[in-house]
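Notes for the one structure printed next.
Chains: A, B, C and D, in written order; residue numbering restarts at 1 for each.
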Amino acid sequence: MEAFSDGVLAIIITIMVLELKVPHGESLVSLKPLLADFVSYILSFIYIGIYWNNHHHMMHAAHKVNGSVLWANAHLLFWLSLVPVATGWMGENHFAKVPVILYGVVMLAAGVAYYILAHCLTALHGKESTFAKALGSDRKGVLSVVFYFAGILLCFLHPLLGICVYVLVAVMWFIPDKRFEEKATTI
Amino acid sequence: MEAFSDGVLAIIITIMVLELKVPHGESLVSLKPLLADFVSYILSFIYIGIYWNNHHHMMHAAHKVNGSVLWANAHLLFWLSLVPVATGWMGENHFAKVPVILYGVVMLAAGVAYYILAHCLTALHGKESTFAKALGSDRKGVLSVVFYFAGILLCFLHPLLGICVYVLVAVMWFIPDKRFEEKATTI
Amino acid sequence: MEAFSDGVLAIIITIMVLELKVPHGESLVSLKPLLADFVSYILSFIYIGIYWNNHHHMMHAAHKVNGSVLWANAHLLFWLSLVPVATGWMGENHFAKVPVILYGVVMLAAGVAYYILAHCLTALHGKESTFAKALGSDRKGVLSVVFYFAGILLCFLHPLLGICVYVLVAVMWFIPDKRFEEKATTI
Amino acid sequence: MEAFSDGVLAIIITIMVLELKVPHGESLVSLKPLLADFVSYILSFIYIGIYWNNHHHMMHAAHKVNGSVLWANAHLLFWLSLVPVATGWMGENHFAKVPVILYGVVMLAAGVAYYILAHCLTALHGKESTFAKALGSDRKGVLSVVFYFAGILLCFLHPLLGICVYVLVAVMWFIPDKRFEEKATTI
């Protein structure tokens, strides 16, 4: 399952790289129109990196999978697969209201999907398992869903407020999931 | 072998994502022409998810492979690799008769290929093996081939009847393969 | 190393799938221009399948790798990565002389690369190793290089003669590498 | 982690293959405009091959990973993912000054990222570990960063001088990392 998920995440990054077109002209100035694409590429690369990092730690703490887990994982990958299109639309329209809201909706759905996957794994391993104890109350999972929702609402005031909240969630997740990390470092 | 199959399935999903183009215009209305592509993307994502899920369970129940199994697997991947083109043709022509029939033919061929793969594995493991007992009579494998064939025939009356039968097969497979699952949850 | 090679082979197949464009028009007739692309796709799929199958068996018989093996493997993947372009050029020009010769050159180079990889692995494992005994005299490896060379020369008489020899090599390899297979079936 | 990195490296090679378009016309002359693309493809294939080879050896010497290592690895992949665009820009402008400098900057950043990854792994395994002893003083890592920097400066005299220094670094790395190799040959 990890091989498949890794493959999909690697491909999502690829699709985003493919949007970085070779610029015309040989001067530094000809790189300027590429700037917006490049910034959005960095942002998305970090987001996908966060999911990959946490997904990796969670999968190493897990000892078994079943049908629900496989489908919860496919569900997460479905929403993550929409990240390149959502980012592209947001970037092309210079962070206009509707694209920023849609980007938040995709991120919110991915957050909910990650939460569902974590809880399918807990249900399978049992409430008293090492996995469940490692996951704990999953505060970050709940918080990020709440934050994305707040970000979407704030977009109706001004899209940049929404963006700030999205970045806040990224910063929060950027700190790797200490809960799993200590138990999953051997390779 | 699983890594290779996972890679191909991941790539099939990617090719389908690549068909979701970034829309022009920043309003919600500009998303409308993308709707048909999006619906067909969801459909194909579920179909590939079903094959991946069942393929995963079957491979975990298998203990060995040989040349026939590798070629039967390559044969299955060949037909699955045609899913994006078939879906795209069906979507672009708003479910017209010939594209829906062709979609059914690709799905029928993939169903036959899955059946062949299952039986190559049974032949290799022996009729008295745990694998053969786990596979059982493979009713679902036979049923889905029969259903796809019926769906293709019904298209000559009306393509939507064919679509309904295709969806029926998806629903039938959506329930994961209980036969293998209980024996293949440890990772 | 196998994961990387599997990934590259999976991607080569993908690039070939991407060349199969969604046809315009909803009738069976609109599929006609796609026919040449489809035939070339099937051919290339079989060729890549042959290399993947034999590569898989060889890697399972191997117990160790070193720098030479990694580079010999990268060298093989380099030539295989040119297969989609060579096939596309040959198909687009309806099997004209120069494209068919170039296709043969790519295949010859891939054959030589496979031979080098097999012999790097033999050198590493030792002449008395199980690997060397399993590989034997590698008659097929030598034969296919000779055949591709003969096919290229025959193209100067008529390109179809060259194609026939290429297909002959494919048929010869289609029979999986029995030498390795018996020793590498457990997964 | 290796599966993910392998996937990304495989995809980077794919993106470069995609830039090799099928030529129009059936004569040898029609291949001429493809020559520059082909040379740049070979160059980039070797560069990615070098990173893959050394990355493979380093990962096999490592026994554990943590959050810092995962992010250092993602950082390396980020810079390597820019190689296709940088190569394409350099090739399209026939090795003009600014594109050659930018290519050097991407290579310098990738070199720094590789150095950081190596030192994150050393910090995790401890100064007295087999890993740290295998890595040694990491002279090549430091040298290549210095060389890329020198190459960028020499571009201001003439871009070809810069290219020569870049090739020198490739030659230096082409010799596989003996330090790790002896300890990591079993598969």
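Simple rule for what comes next: contacts are C-beta pairs under 8 Å (C-beta built on N, C-alpha and C of every residue); 3 or more make two chains touch, one makes a residue touch a chain.
Here the structure is a predicted model, which means the values were calculated and not measured.
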item: Rotation angle (°) superposing Cα atoms of chain A on chain B, nearest 5; value: 90
item: Copy pair chain B, chain C: interface residue numbering same or different (half cut); value: different
item: Between chain C and chain D, centroid-to-centroid distance (C-alpha), Å; value: 27
item: Computed distance of Cα centres, chain C from chain A, in Å; value: 38
item: Sequence positions of chain C contacting 2 or more other chains; value: 3, 7, 10-11, 14
item: For the chain B and chain A complex, residues of the former touching the latter; value: 2-3, 6-7, 9-11, 13-14, 17-18, 20-28, 31, 42, 45, 49, 52-53, 56, 176, 181, 185-187
item: Touching residues on chain B, where the partner in the complex is chain C; value: 1, 3-4, 7-8, 10-12, 14-15, 62-67, 70-71, 74, 77-78, 81-82, 84-85, 88-89, 92-93, 96-99, 102, 124
